[in-house]
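Input: one structure, supplied below.
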Amino acid sequence: MSAIIVFQDVGKAFANGVQAVSGINLAVEEGDFITVVGPSGCGKSTILNMTAGLFQPSAGQVLYRGQPVTGINSRTGYMTQVDHLLPWRTVAGNIAVPLEIAGRGKKEIAGEVERLLALVGLVGFGASYPTQLSGGMRKRAALARLLAYDPETLLMDEPFGALDAQMRLTLQIQLKKLCRSLGKTVFFVTHDIDEAVALGDKCVVFTSRPGTIQQVITSSLPSERDLMTLRFNPAYAEECAQLWRILAPALEAQNSPQEA
Amino acid sequence: MVLVLQLALAVVLLTAWQFLSPALDMVFFISTPQAIAESFIGLARSGSLLFHAGITTLEAGLGFLLGGGAGMFAGVLLGRNKLLSDVLQPFLTAFYSLPKAALGPLFILWFGIGLNMKILLAATIVFFIVFLNTFRGVREVSPEQIAILRLMNAKERHLLTKVILPSAIVWVFAGLRLSVPYALIGAIVGEIIASNRGLGYLLSYSASRFDTAGTFAALGAIVILALILNKILDISERRLMPWRVSDAGREIVV
Amino acid sequence: QQKVVFAFGSDGFLFLPYYVAVGAGYFEREGIKPELVVLNGGPLAMAAILSGDADVMGSGIHLNIEAQMRKQDVKAFAALVTHVPSQLIIQGDIAKKAGITEQTPIAERLKLLKGLRIGITGVGSSTDKFLRSMLNFVKIDPERDVTIVPMGTAAPLLAAFSQKRIDAYVFSSPTAETGRLKFGGATLVNLGSGEFEPLKDFLYNCLTARADWLKKNAETTRKIVRATTSALELIQKDPEAAQKAALPFFDKLDPALYKEAYRQSMSSYPLSPRIDEPGVEANYVFEEEAEGKRPNVDPKVLYTNDYIEPAKR
Amino acid sequence: MSAIIVFQDVGKAFANGVQAVSGINLAVEEGDFITVVGPSGCGKSTILNMTAGLFQPSAGQVLYRGQPVTGINSRTGYMTQVDHLLPWRTVAGNIAVPLEIAGRGKKEIAGEVERLLALVGLVGFGASYPTQLSGGMRKRAALARLLAYDPETLLMDEPFGALDAQMRLTLQIQLKKLCRSLGKTVFFVTHDIDEAVALGDKCVVFTSRPGTIQQVITSSLPSERDLMTLRFNPAYAEECAQLWRILAPALEAQNSPQEA
Amino acid sequence: MVLVLQLALAVVLLTAWQFLSPALDMVFFISTPQAIAESFIGLARSGSLLFHAGITTLEAGLGFLLGGGAGMFAGVLLGRNKLLSDVLQPFLTAFYSLPKAALGPLFILWFGIGLNMKILLAATIVFFIVFLNTFRGVREVSPEQIAILRLMNAKERHLLTKVILPSAIVWVFAGLRLSVPYALIGAIVGEIIASNRGLGYLLSYSASRFDTAGTFAALGAIVILALILNKILDISERRLMPWRVSDAGREIVV
């Protein structure tokens, strides 16, 4: 295994002076499933954005396969926090976008779209426009679009946040299976501590803004796990509790809510 | 309902015109709807209205297509290319702000006094309006959506067809709608500059004979043409934006 | 039938000989199929023949001076109007108050203009020049003592006159008559009648073509000239017939107005399209006034009568 | 206590023929804290939209204080699933909108905005534009805007979905306290089963689309609860587990993900 | 960098003009930059350029304000009122598509031949362009945001100031930008119809004397005016949209 994404002393201060993250050092191995947790506004999305090459760090550098990321990094697929579906395309049309870009045939695209609609539970909504979907359905459409193309690294920013527990579990299982079988590297931001523990091979914990890496927890759970029954696994429960404890001090940080 | 109100309004306006024009002693300058209608019907019967209107339509239509096409092209090109647009912007503004009629001699010199001159005059006027609106539309495209597509390895041509054009199309159509009358006006100005056929000819011929009814009949024909062209735009707009149609009736969901 | 494209810088009675020639079938007789394009001003007509899209232009000879000054070889080959056809129309009440009659001497009449707002077609146009000539005649300063308002075309001018926004105007037929017949105007001076001495002989309107076109189309030119000659003769010798011939081109005009306009402008047309030196020279006077110096162009290059003699066979 | 919101046989079919909900009968008492859970796309947001009067049901009727809701119901405050902040206003400007509409004085508004910024942990970001915020921060700004005005009923559509566990807990506590002290009625949609149990006096469980009410669970927990320590409360754990079991069959419903 | 390229382009164009014009025997029609510059400087020295330009600026400026203001007002009014706009739409299209120059006599009848007429002519042309763009902008306002504000008990006036205007302002400015040259053209057409001052007068005066250099000098003054007015628009646009400024330099965050 070799490091596919490397953060070297990465810091990012935005144009308006807000320091989002600073001093990030992290190496992501190929095939790793990395979950990222941390307080709201600590720079998790910023990290993903820099990995995708949407903007440059203001300090240090992000390496992808040893090369500094200087422009759009199209070897990554990015499921963003906000869905960014194209409003002028139907759900099927949106999912087809990466396939059309890849130059696939019409028939092939249609078949693939059908498969993906089924995968995310949107059968029958292929002809709907994004405005005609519920919030969770839009997220699932975005997920299907991400899965439609075949990047070696998946950047996922709270992909399952708007989904009900059942749907979330099903899609988690699908995602895990997919990644294992295709050897994808995944960088997965979540607010759900249980989800971070359940999915991650490693879990990166951020401090509050300016975000730094507080801790990297390597899961004691086997890489092959049965997510269905994980709820009843004592090791899992223990890791969740541990993560809770780590994140607790963040409550005292500058940015946290105060008594009104 | 809308139609009824429109009819009512039209009737009120025309009646006022019919009665106020003689009352205020302005028949020489604004004629009366009745005289205009008679003149219009006379022109229509003789076939000369159709002939002249056909020519103006041809000129305005070709000018519209040419100018609109070039305007869209330039709008997209400059909208996507910051350096180019920054450099060219003052030049375009300069050309845009030249009174086209003042360029009459140049147009005649270069393109003669035939159809070409009128088509190009109309096209020039249309070009800038469509260009400016398209340009603004391309600039208003969400950079986020472009970034998302570039992550999917989209080339410029994919961005164009999948994001930029669909997103800018409202602007483009606003520009086209703005320029429909200007295409006609361009053709007509061209015909007035050098006329022997077309509605502009009819206009200046009637005007030079103090045939006010004829003048207004020609203006009426121009207006009808504009309304028809607008209708065509409406229809093509609706066809090109299916997602808008489903928008129209939709419940506002937040 | 040979097609000839005529480009006129304006429309109306200034081109009556052409309309008579068409209406009376003189062009047809010569085997010519004329096509008329009316342009928005003489300069545009000039551009039209220079672009090659039109063959013959109809406009004032001063355009030829300007063109020759700038090395464009165009030549007038037939005169259409040899006296100034314009009239000075004034609001009727002003004329009445001043007690103007046919007998009032010209100078008396012109003195009335002092302090008035006077409409013309455009700055630098012939109407402008004629007006200034008249004002100079009675020592009225065109810049200070009156307000000269360019009005472009007839309709805006008449609109302004009807509202008394202007007190007088200089225009040719039928706009002149319209102001008189419809809006209570009165003729202060009819330049075409020759009553204003300084503008008695003035080559006002002629047919012009590029020199190379003339050379290449000598026979056609002769035919055009022949047709024109016939029309000019008809206008003077049989006004009824001439009026009838041109009527299809003025059928939209109020018949009374048409008659009156014809009557008023008749005296402006020559009997022969021959171009005379004094008429050309009169144009130089104006150019000199406008430019401050006599244009450096030999009058001889402006026109040619070469195509006329043979026509008189 | 009297019913403030009543759904009478409410059904909603959208213009494109999608039947979102059907046969909804529910009475919400004044001062109730109702949580709503159900599979993604089952019509939860639709229910809130109809309560707010954004559109009419296609069957039955929604009554608010005995009157059918026929237009915008401005006695409700609505925190929508997507934030809908005004991009041309700063965070402070956005929070000030309802106060400006209410015609408050400049000074008063400034003070109130400061207080609310502190409440949701956005001190220092008042002058930022929404595009300069993280996803969770935008949600918090929207919450502050909701709290800035004083509607008698709060409609909240996954208000805490994009927040980290700590922030979420803090805001839950604030919200609960606020509602108790001011006697607000709350209609609270969430995907988080634990949250639904923790906050709700009653929890309404929806079936998958077309959404119908599967069950209304009245909480056995006291209305005054210590959310901080709830995690360790066995009654709470039991209710969560129960809710899990109820929602499980939804997995088999037509709309659910299939094996790819 | 941009400036350098602009200068280079300008130099290339002017040089080409300077040399091609005599070479192609077109001095009569397009003069040469040198002659134009001389004529321009002569006019400027004598003070007459400033005088005429001042009058045209006044007319165009007032016309722009009047027409732009009325256009925005009507655009918002009709944008917010579907019935009204449905009823009036064909009437507005009809008036819009009338060639304004053909309405010259009417303008004179009603507004005389003074400043008013020119201001109103410019205003009429500006009105429709600004109106149509504002209208479209108001129609493009997100109905969701309006619904959200109405839930907060917002009255129409709140919607207007807090949502509709900020959201439509890009459209309004696009319309204003489109109409700057038309305000000038309107004033100049008015001056050509009836005036003895203003750049339009200068234009037709030079044209009638075949003073091509003078004509182009007047055109140059018009262009410079347009560029200045555009710059003013740029500045006010940036001031009225502070959120855009912070947009310009921002990283694209998805």
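Here the chain labels run A, B, C, D and E in written order, and each chain numbers its own residues starting at 1.
Quick note on the criterion: a residue touches a chain if its C-beta (ideal position, glycine included) is under 8 Å from a C-beta of that chain, and two chains touch if they have at least 3 such contacts.
The UniProt protein names, listed by chain, are A, D = ABC transporter ATP-binding protein; B, E = ABC transporter permease.
In this text the structure is predicted, and so the values were computed from the model without any measurement.
Enquirer: Keeping to the contact definition above, tell me which chains border both chain C and chain E (ABC transporter permease).
Expert: Touches both chain C and chain E (ABC transporter permease): B.
Enquirer: Hey, which pair has more contacts between C-betas, A-B or A-E?
Expert: A-B
Enquirer: Return the chain whose centre of C-alpha atoms lies at maximal distance from the corresponding centre of chain D.
Expert: Farthest from chain D by mean C-alpha position: C.
Enquirer: How far is the middle of chain B (ABC transporter permease) from the middle of chain D, if each middle is the mean of its Cα atoms, in Å?
Expert: Chain centres of chain B (ABC transporter permease) and chain D, defined by C-alpha means, are spaced 49 Å apart.
Enquirer: Between chain B (ABC transporter permease) and chain C, tell me the centre distance in angstrom, where each centre is the average of that chain's C-alpha atoms.
Expert: Those two chain centres are 37 Å apart.
Enquirer: Round to the nearest whole Å and give the separation of the Cα centres of chain A and chain C.
Expert: 84
Enquirer: Quick check: what residues of chain E (ABC transporter permease) touch more than one other chain, meaning two or more?
Expert: 29, 105-106, 109, 144, 147-148, 207, 246, 250, 252-254
Enquirer: Hey, what residues on chain A touch two or more of the other chains?
Expert: Residues 14, 16, 45, 52, 54, 78, 80-82, 84, 132 of chain A touch two or more partner chains.
Enquirer: For chain C, jot down the residues that touch at least 2 other chains.
Expert: Touching at least two other chains: 43, 47, 153, 155, 158-159, 162.
Enquirer: For this structure, give each pair of chains that are touching.
Expert: A-B, A-D, A-E, B-C, B-D, B-E, C-E, D-E
Enquirer: Along chain C, where are the residues that touch chain E (ABC transporter permease) in the complex?
Expert: Residue positions touching the partner: 41, 43, 47, 63, 66-67, 69-72, 119, 122-125, 128, 147-153, 155-156, 158-160, 162-163, 165-166, 290-291.
Enquirer: Which positions of chain D touch chain E (ABC transporter permease) when the two form their complex?
Expert: For this pair, the touching residues of chain D are 52, 54, 72-74, 76-78, 80, 84, 86-89, 97-98, 100-102, 129, 131-132, 149.
Enquirer: Which positions of chain C touch chain B (ABC transporter permease) when the two form their complex?
Expert: Chain C reaches chain B (ABC transporter permease) through residues 7, 10-12, 35-40, 43-44, 47-48, 50-54, 153-155, 158-159, 162, 174, 178, 182, 250, 252-254, 257.
Enquirer: Over in the complex, which chain B (ABC transporter permease) residues touch chain D? Could you list them?
Expert: 246, 249-254
Enquirer: Considering only the defined contacts, which chain B (ABC transporter permease) positions touch chain E (ABC transporter permease) in the complex?
Expert: 1-2, 5-6, 9-10, 26, 29-30, 83, 86-88, 90-91, 93-94, 96-102, 105-106, 109, 128-129, 132-133, 136, 140, 143-144, 147-148, 170-171, 174, 177-178, 180-181, 184-185, 188-189, 192, 203, 207, 215, 219, 222-223, 225-227, 230, 252-254
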